[in-house]
Every structure is written in C-alpha cells, then in structure tokens.
Amino acid sequence: MSMRTMNIGMIGYKFMGRAHSNGWLQSQRFFDTEIAPVLKAVCGRHEEPLKEFADRWGWEETISDWRALIARDDIDIIDVAAPQYLHYDIALAAAKAGKHIFMEKPLALSVEQAQEMVDVIGDRPIVHYLNHNYRRCPAVRLAKRLIDEGRIGRIYHWRGAYLQEWAADPEYPLTWQMKKTKAGSGPHGDLNSHSIDLARYLVGEIAQVSAMMTRFIAERPLPDAQASAFSRNAGITTGTGKVTVEDASFMTVMFENGALGSFDATRFATGRKNAHTFEIYGSRGALIFDLERMNELQYYCNDDHEGEKGFRTIMATEPVHEYASAWWPPGHIIGYEHTFVHAAADFLQAIAEKTEIRPNFFDGLQEMIILEAGIKSAAEGRTIIID
Amino acid sequence: MSMRTMNIGMIGYKFMGRAHSNGWLQSQRFFDTEIAPVLKAVCGRHEEPLKEFADRWGWEETISDWRALIARDDIDIIDVAAPQYLHYDIALAAAKAGKHIFMEKPLALSVEQAQEMVDVIGDRPIVHYLNHNYRRCPAVRLAKRLIDEGRIGRIYHWRGAYLQEWAADPEYPLTWQMKKTKAGSGPHGDLNSHSIDLARYLVGEIAQVSAMMTRFIAERPLPDAQASAFSRNAGITTGTGKVTVEDASFMTVMFENGALGSFDATRFATGRKNAHTFEIYGSRGALIFDLERMNELQYYCNDDHEGEKGFRTIMATEPVHEYASAWWPPGHIIGYEHTFVHAAADFLQAIAEKTEIRPNFFDGLQEMIILEAGIKSAAEGRTIIID
Amino acid sequence: MSMRTMNIGMIGYKFMGRAHSNGWLQSQRFFDTEIAPVLKAVCGRHEEPLKEFADRWGWEETISDWRALIARDDIDIIDVAAPQYLHYDIALAAAKAGKHIFMEKPLALSVEQAQEMVDVIGDRPIVHYLNHNYRRCPAVRLAKRLIDEGRIGRIYHWRGAYLQEWAADPEYPLTWQMKKTKAGSGPHGDLNSHSIDLARYLVGEIAQVSAMMTRFIAERPLPDAQASAFSRNAGITTGTGKVTVEDASFMTVMFENGALGSFDATRFATGRKNAHTFEIYGSRGALIFDLERMNELQYYCNDDHEGEKGFRTIMATEPVHEYASAWWPPGHIIGYEHTFVHAAADFLQAIAEKTEIRPNFFDGLQEMIILEAGIKSAAEGRTIIID
Amino acid sequence: MSMRTMNIGMIGYKFMGRAHSNGWLQSQRFFDTEIAPVLKAVCGRHEEPLKEFADRWGWEETISDWRALIARDDIDIIDVAAPQYLHYDIALAAAKAGKHIFMEKPLALSVEQAQEMVDVIGDRPIVHYLNHNYRRCPAVRLAKRLIDEGRIGRIYHWRGAYLQEWAADPEYPLTWQMKKTKAGSGPHGDLNSHSIDLARYLVGEIAQVSAMMTRFIAERPLPDAQASAFSRNAGITTGTGKVTVEDASFMTVMFENGALGSFDATRFATGRKNAHTFEIYGSRGALIFDLERMNELQYYCNDDHEGEKGFRTIMATEPVHEYASAWWPPGHIIGYEHTFVHAAADFLQAIAEKTEIRPNFFDGLQEMIILEAGIKSAAEGRTIIID
C-alpha cells in the first residue's frame, strides 16, 4: 500500500474524466505504487453534472475555473481530460506552476503549440505523460519485448489501421470532432495519432509521409445542443452545418530504418466499431494486434521448424506478461479501461522514482510533426520529408 | 447515486474476495443502484494478510470468526467468497439470521447439502444469489434474448466445453481443488457447473445424463504449505499425495425439450487457458460463445437470404446490449471482472425491488442434482434419468 | 509417367463416381505412380445417364451388371462407388475374383458383414482400401507426423465433431440416407465413421463407448422419385414416410491409451455445412483441424517460450507437407476432391510396391465394431466395453 | 457434352502451363461448354521437358517456335502461358492471325505495349481474355453481386493487400521476377496488378494514385541456372547480381466515385504465403475476402437488426453461388486451380456465344496505366492524376 499521497486536480469530466478517475482508483486496488493519488478536485463548467460526477467518483471538491485549480498549492498533479483545443493553455499554465501533468492525447492542435509546450516544460522537474494508452496493453508490451529482443529481426513493414464507422451515417450530427477549430483534424488526428504512437514505439521514427484524405459528407444536421428548445420539441431540424475536417486519411510512410508503412484511418468503415490494428513484418518474424481482441497478440516466428510455422494467437494474460499478473488468472481477459489503470500506476511510480514516463510531451510533439506533414502532403499532393 | 445503504460482511479474501470487492465498488461507479453497498467487515483467519486486504479494498473492519460476523445486527448482506466446503454451514447460519446472501458457486458439496440449504431459505424474505457470473456477460444476455424471442427456434443441440490446461503438468502440486473432501469433485464440479448453469439458462432443464470421467495423474507433489519450513528451505520435496477427484469429465445429456447436448470439462487441455465455450443449434439459427472472447457472440440467422448466411461475429458492446452502455463506446471491450460488477449491481437492485435474482439457491440445487447424476453415471457406466 | 497400366471397373456413377473418376485422372497429372489407371468400364443401372457419365469422364465402356464386370478378366481394380448396402456383396465377389478393391466408406452395414468381408480377403494378394479420404489432407498428415514424433506427447483428449445442417429442415425429403435398411444408420455411421477413422489414425484404438442418440423429426415427405408422375405434375404431395435412423449421435469414449474423447455427429446443426473438426490435447501440445479450412492445421507447442505460446495456424501448403508439392506454391490452397486424388495415387503405388494401404478393410471392420457398440450403448443406456 | 471443338496452341509449359492445361481439361469434366477444347500443341524451347509435359497433360504435339505455332491454320486459340516479356510479341502475332487469345496476366511490360496490343485487336472478331483468375472465385462473384444489387451502398473504401514472404530471405536467388527487363516491375506489377483488377471489378475506375516503393535487398546470389556446372558441383557461389525491381509497393488511390483506397504489395511479409485480401466499406455494408480462405466471404449487413450486426463468414459453396454447383456439396471447398477451370469454361463459352469476356485486353491496358502511374508517383514523390 502507498504511504505517500499526491493530490490530483482533473480538468474535464466526460468520457475521459470517467476513464481517468477509474484509472486513479483502480491503480490502488490492483497495483502497488509508492505514491497514492488523492482525488482532490475536479473542474468543469456545469455545476450540477460536475457535482454528480464528483460524488460518484469520490472527488473531494469541484471547481469551475481551471486556472484557479492550477494555481492551488495543494494540487500536485494536473490531469487534463478536457477537449484538445484547451490542452495548450492548460499545459502551459500547469508546467509553469510546476505541476506534474497527465494529459489526454493528442497533445495539441498544431506543431507550433506542441513545440511551445515542450519548450515551456524545458528542464523543469515535472513528470509529463501523454495518454496514448494502448502502449499499455499487455499484448502490445509483449510485441515491444519481442522486437527489442531482436525476435522480429529487421523490420520491413508496418501496416496500421484505425477503422471506425460512426460517421458513415449521414444523419449523425455535426459534433465538435468534425470542426477543425475544435478538433484540429478528423480521423487523421483522432485515430492515426494512436497508430503513429504505436508505430514510433514499436518500429521507430518516421522519415517521409504521403497522405490522401477525403470528405464524404460535407454537411450534417446540427446537434441538439445547438437547436432551440422549441424546434426540438416540434421535431424540426434547425439546420445543418459544414464538416471542416477530413472523413478519412490514408497515409504511406517511410521509416528512418527503411521500413515501409501504411496508416489507414477512417470513420466510414461500416462494421468496424473500434478496429485499431497493426501488422509488423520483419526478417525473423511478424506480429499482429487488434484492439477489439486486445488480450491477444499474433506472432509468427520464422525460427520455428519448417512446415510448422504459423501465426500463433498468444493470450497475453499470463503472469509473465507485463501488467497481467496484477489482474486475474490466465485466460481471464481485461478490457479497455485497464490501460488507463496501467498508465495511472506507471505515472505515479515515475513521480516516485523521479524518472520519465513514455509517451510524453516530446512524443506528442513528434507525433504532431508527423500529423502535420500528413496534412500538408494531402493538401499538396506530394511526399513530405520530415526533418 | 444511491440513497440507501446496506452493510456487507464478506467471508473469504483470496481470488474471489478480490473479485467480489471490486464488484461492489465498481457497481457504484458504473451503475445506478437504489441501494449503495458499504464494505463493512471482511472475515478471514490470518490477521496480517486480511488487514492488508481490508486496507486495499476499503473494508472498514476485519473479523476472524464468520459466525460472529453473521451474528452482527449491522450486517445486511453476507458475501460468501470462502472455499466451497464452508458454503453449507455459512449459508445455513446466514439464512437463519435473515441475511441476504451473495454466494460464490458452486452452492454446496452435495445434493443433500444443497437441498437443506434451500429448505432453510424456505420463504424467508431474503435475496439469495449464486454467482455463476457468466450469465451476466453482455454477449450471453444477447444469446438469451435471441432465444427468448424465438430467433433460434426449436433448440436441437447444446455443445458446451470448459477446457483448461493447468493440471496437465505432473509437477503441478496437489492443491485443495484436487481433494474430494475440499472440492467435492474436480473439473466436473468446478467447470461443468458453469456450463450447466448456462445450459439451464439458455436451453432448459436436463432430463438424462451420461458421463465418463478419468484421472490421468494419480499422485502429485504436496504444495509448499504442507511442506515443513526446513524442507522448503533445503529445496527438499516432502512427498506426494493422492489426487482424489477426476481430471476430466465428458458428459452427454438429453434436455427435457428433446435437445441433445454435450459437456466436455477438463484441466488437461494443453493450450487452453480458460476456454469456456458453447454452441447452440436450433431450427432458426445458431449461437457460439467463447469466454476468452467474451465480448463477442457468433450468431447464424437461418432467415438471412439464401447464399448470404454465415456466422456473424457480433461485438456485444453497443448501447442496445445489456450492461454495455454503462461502460464504454462500441468496440471498447470489457473484461472478466465486469461480470461480477453486473452481479453486484443486479443483486443490490433485487433487494431494493424486493424481487428475486437468478441464478439463486434453487438453481444451485438443480445444478447439484445434475452434477451428482453425472458422477453416478460415470461410476455405474450407465445413463441416469433425472427425476 | 507411368509405364504399366491397370484397368479399373467402377460400380456407381453418382457423387462418389465423379469424385473417384476425378481422382484417377488427376492422379496422373499431378503425381508419378508406377502404374497408370485405365478407366475401362463403369457400371450402373440407367443406361442414358451412365453413358453420359462415361463420355464425360472418359470411361471406355459401360456395363449394367456389376457381377459381369467383376467376372471380366481384363479388370484389375474394382472401384466401389455404389451405395453402402451393396458393399458387402460386391466386396465378396471382387475379393474372390482376386481384384484389388478401392471402396467407398463405410465398409458395410454391420459388423457381421464386415467380419465376413475381412475373412474372405484373408491372405489373398489383393490391395484393399477403404476411402476415408480425410486421412489424406496434408494438414491431417502433418498432425499425424507431429504425433508420431512425440511432439504432442501423451494424448489426453480427442474432441471430434462432424456437424451438418441439411436435415434440420422438416421439409427435406425422406432420402435413402434416412432409411436404416439402406444406410445402416444416420449420422452415427455417415459422419461419426469419418471421425472414428481419424481418431483411430491419430490417437489409437477405442476401448469403451457411451452414446446418446435422438430423432428430432419422425416423418418426412417422400422424395419425388417415389411420387407418381400425376401427383408430381399436380404438385400434390403423395405422402410421408418414417425416418428409421437417428438424427444425431453424441458419444463419449475411452481410448486404450487412456485418452478421454467425444464425438458429436448431427445433421441438425444449423449453420454448419460440413464442419468436420477435431481437437487433440496432449502433454506436449495440441492440434485443431477443421475440414472447412482443410489446408490449415492449428498447433499449440508447449515447448515454446513461456508467454509466447499460442495456437499457430499452419498453412499445410509448403513443399515439406505431404502431397502439397505436387500441387501449387505455398498459400495456394487445394480443395475437397484433392484427397481422392491422393488416395488414388497412393492406392496405385501400393499395388506397384506390393504393400498395403491404410485405411483398409481391417480398419473398416474395427470402425464397424465401434459404431455398433455406440448403437448398442444408446439403445441400452450404458457404456459398452469393446473386446 | 460439347459438340464443337477448337484447337488450342499453348506457349509456355511451366507453372502457368500446368494451371492452364488443367483448366482446359477440368472445364470439360465439371462444366458444360458448347465448345470443347482440343489440346493440340504446346510450345517451348527445351525439347525433353516439353515432351514430358505434353505426355502428362495430353497435348497432341510439341513445337519449339511460337511464331510457327501461331501461323498454323489448325490452331484456333492461342494460350499465352509464357513469361510476360513475350506477351507483346505473341499477342500482336496472334491477333493479326485472327486467333482467340487466352493470356496470362499481366498484359504487357508497359502502357505503350499494352496500347498497341489493344489497337491491333481493334475490332477483329476475336475473343481476348486476360487471366486475372481471382475474379472467378465464387466468393468474389458473391461480392460482385452484392455490390451490383446495391447491398453495400455507396462505397467509401477499398483496402487491398497482397502480401508474400518469399523474398524476405536474403539468400533467395536473383530470379527473373527481380529483373526489370524481364518482369517490368516487382510486386507492384506482380501482386498489385491482381488487387487493381479486383478493385476495378468491384469498386470502379481509379482517378489518382500515390505510391511509395522500396528495395530492401539490393544484391542477391545468382540462381543456379546462371552458375557454371563446375561451381554448382563444387558448391561454389558464382557471384551475385543486382535486383532491379522494387521489393514492396504501398499505394493510396482515389477512385472516380470518390472512394479512398489503399494497396499494399510486398514480397517481404514474413509469415504471409499468399495473402491476397481486400476489404470494402460502403454505406450499407462491408465485405472482406482473403485468398488463403478463398471459399469464404465476410459480409457485414448494415440492415441487420440493431445489436445483431456483425461480419458474417459465408461459405460460398452453395448451389446459389456462381460456379459452386458444378463442384461439390456445400461446405466442400475448392482450391486455387479451380479459378482457372472457371476461366477456361467461360472463355470457351464466350467464343461460342460470340460475346466478350472480362477481364480482357482493355482491362489490361487500364491496369497498366494505373501501374505506370504508381511507378511515376513513387519516382517523383507526388500524386499522379490518371486522365
């Protein structure tokens, strides 16, 4: 059990607020961290739902002004679960205030923002984390270990995809994820960013990108929140608005180590709920991962006997698999939110051990550079070389 | 958020104690129950680990005597996470004390015990639950709904299997699960009981059973706990003991509705971590479930167009799937322990609504009758008809 | 290319007649046998379709009396593709005439018949083959090799199933396969016989059987052939007839080597076209096969590194896989009829080398003994021990 | 049975010669074509193996000069199974001689060649076929039917891949497939051409392409044929040569109908034997195909009930599936070479019916245009718009 405690102030209390809160709480049930998190204050704009959220998750206080939260001396960690257009301002304030930062991805809306955020961090003694949580699936950790041990050999290919279907319905409303001002970009930033993080983690840095993007549906009904009470009651559609991000982004890349890769991201893959997959092919073996079956890793070992080679489905639920022994016996699977628990535990431990945690703001900057190169490539119809 | 509270006293704090504690806690984060559970007291024999467990999970008190726990007026619910040879005594005491009972499966060591437990419950106004948690996988609920709606039609077949591998290693020690006095039986009771519960839930009552059982390894090393400190230190094996349960049990059954079924349970299926699977074939469709991919249900719809029929893999993670909307968006999977959370929430709600919850002690009795018929069948080499 | 030739006389020209004819012809395109088959004469009762069949497949002559065919001196090989109720008479005549026999499975209608067939063969210098063609899938051969090399270790379990769906429709007519006098039994003989052959090939002899059988649909419409021309023209159903075989047979067995096994056979598994599957679990590994993906073998190797074990899907299409190099490059699959080609080639080669081929009549007798024990077990509700 | 016959002259007798010969022969066993093919003459340079090939497959004559073959009056059909650098000359001669042409893919080495071939064909009354055989998998035909019926709706995405592994081994020799002069290009032409053909067949014409290509291994050992007899005997490697084609080609495309697509082709995907796959996502459904499981099509129907949707695995072996009824009952799979049989039957029937067959030389030209655009895109690092 943890002896030291640290106070967390979390900004945002929607989907990610839940996932983060659960991460902090469960980290103490299933892991042994030297520092125990105290859910001190949660910040949001709408008092009633914020209060209800705080009650449910055990946050001691609510607060409406995130700047005031960051200013408090009793807050050690700022947990950023707010929409991404706020990341920049929050991160700058938090870093300047010397807070440790646990930030939801993506880091920022642009390379410019990201660069400034990294600069402000500088060499301040703070732990910063960018929550690409899928690095912390036991199966992904197994992939990493095999690669690091040389078991995959020289890597020839990365084939990443992140396929969702929710926007394929033209009646799906114009949410903030479809507005460039709020979201920065569409699936390129939302989904490819996850793939890019895993590719950088597992394969290495990206040297060249060539992307093609498209928009299938240009205009959508406004969401209810923007419709008047009257028209809602009357069932009247109050109008439509323009989609200002791409609907899909397909990208090919060359890695610095010479591997050739692809990234397909879309919100228009009918039938795909959350198909975040990758395939890695190397001289000694290959790996396949699918987030919808996140407890499994497929591994092809080229050293197996002739005629006996095949992709093996490994259940990454054995004691030998990272994080797995904290949970249940072999074959008893874990789910989506467990990756947040792993992140919370590792983040707390990084603070205790005065070490860094990855991915962090530096990774986020690199990721933004790649994403922006992709956008530029699609706009200009040419391959962009990353400096 | 819950307004009323009820105090829980839990007996046992090992694997199941963790899973139950987590179930109670998470039920309040993700579900809205009218009654909130208070983790009042946890009972065990070894003070130090018990204390550590209580601290970790937030149990207010520890207690070493389960009879004293049951005797307390401030305890509303007895949670039985103790080994099964204690179930009978605990249940009788708890029922007589008017406590609601949340009991880990299986109900008892014998039909005789189970019958008495049911008799003692009688018409006492208590909610009793037997934790066959897999009924509460969203995918299993979907199977149930499809069957209840007649979408599978007349059921012809059940093919159930529960395959594990852990005992295939001859060096695996002689744990209590391999002693008849402690466990009642081997995989027949441990694993087939789960399959039988799902079969009764989804197909109906069983009318005839014919079982064949075997023991592959008759003698095993004693576990460390039974070895002396000296020999342990010296690395000396202190001897072996006899396995007194079966290692595998394969059973065929006839259901009351005429369906023909099979149940294969073993601890010797190398490569199978926790392969709890079923297949159901009916006149209008078919269903396949695999616990290792518990978020998925395979469904074959015979009403689909000719030439377009096939087993569909449904991700039971949509809002329309029972329990799923409490968690994450479609395609974001849940894990093993979530079924305990669902059970905890449903149990609390049953108390609030003064209704029953299934499976309960009556189901447990029926299950024991089938299990004992299987044992008798294997011993006598003949089909046993269940009255 | 073959230098010697042998003349074949085939009895029967329906489904199996096609598959056998194709087997003989393709064996000469893709394999090198010392003896080349000559498609000399095909025997059937209906002249017109028989003639058409002979033209299509290149049979030199047609003949209507199988006894006359067997009596001919210029016939070296009798290929029995006739319904199974004729197997006994044909085999006796062919054996007495000293012909090599290529016989479609199952051997006979009863143990009594099968025993007499084996007795008549005695030590005559003829090659006899029983066409359980699935032994000759490259993937099954790979399974056999792994077992023979000890790679699976001591075998604990066999789980065989042969699931089809075609009889689940109550309107499906009463064909000869549903009449005991013609077929001997239902899926027990038709489907379980295939599973039993593979189980004997891969695991060993069976010592005890316990079976449960059932009939779901007792009466069915008569097939058109039995309806009068008038009523057919008028669209009038001319009546129904009784099904006299079982619709499903589920069986558990104990092998002589102590392995515990199951066999589930049915024609009522909606959604299953031809799901002939087996799973074998041993102390060092496990194997899974599915005829609908007959080019693949799943193999679990318990000697793989801890945490890296999993079922591998091996494409048995490599040069190292038996029969595979005769066909196409790796990853280019073969289909159902290729197993007949392999059988034809092996049979011809066995004659040339004056050796035996398996499975043969002896295997067929053993299989009949097991099948009859299953029938007896189901009828008497008890385990039958095989002498 | 066919009444008319036509004489075939085939050029080439290696891998494709076998597959084509088998296609012609089996077409007469399993299909009813109005024209029967006569295997008149096969052409090759090495007399002995050519003679052996002719004997095995029943070719009446052998001939060493393909121009002489084409010049013969008794030849109706020229079957081009020769390496692709000969396609141009052969096709021109054959077309001018008024022969029907059954040509192995790809059409030519360049757009220039292909254009001239198409021009020479002009409106001559000849049937010309380009053997992209995978269009004739029953499962691909099912995909086509579903798309044509509007069941997939507006198509948003194509994700095609053709992954092989054979070149990943640096010791694999420098075969003609790795020389630009002989092969035109590497996997881009060899593998992507197949994907492009299916994409054009199923999705539509391609408007823009952006490709990235790479070479992993620049130099390889010379194959044995180029080594001297002495050094071969002595086991001496006689040197290495330069690979002059790409090793992998990843391409993104925009279709004319607005769909965004990707094509990943490589010979360096360790573990992948012949993984030719596609995914198609549309507004009403989705489709997945994998050549290694070529009897199956996965179909997601967005019109299924809420909560019951999922990718269905359809076995395209039912009578309703194109070509399937010619073979075996449902669930009995066919293999790689069957697609050649379908092509042969369709080609013969097209001649008889004086109609065209697809894909043909026009398709081949269009495919070459796309392939060359890909090469140009990779060379120039920019998106190429196809006129």
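For this structure, a couple of remarks:
So that you can tell them apart, the chains are marked A, B, C and D in the order they are listed, and the count of residues begins at 1 in each.
The rule is simple: a residue touches a chain if its C-beta (ideal position, glycine included) is under 8 Å from a C-beta of that chain, and two chains touch if they have at least 3 such contacts.
What you see is a predicted model, and the numbers here were worked out from it, not measured in a lab.
Note: the chain lying farthest from chain A is C, by mean C-alpha position.
Here A-D and A-B were compared by C-beta pairs in contact; the pair with more is A-D. Work out the mean CA point of chain A and of chain D, and you get 41 Å between them.
Note on chain placement: the centre of chain A and the centre of chain C lie 54 Å apart, centres being C-alpha means. Remark: chain A and chain B have CA centroids separated by 35 Å (rounded to whole angstrom).
Residues of chain D found to touch two or more other chains are 272, 309-311, 315.
Contacts from chain B toward chain A in the complex involve residues 1, 15, 19, 21-22, 25, 28-29, 52, 55-57, 164, 166, 272-275, 291-295, 315, 317, 327-338. By the touch rule above, chain A contacts chain D in their complex via residues 154, 156-157, 159, 161, 163, 165, 168, 208, 210-214, 216, 248, 250-254, 258, 260-262, 264, 266, 268-272, 279, 281-286, 300, 302, 309-311, 381-383. Against chain A, in their complex, chain C makes its touches with residues 142, 146, 296, 298-299, 301, 304, 306-316, 318, 320-321.
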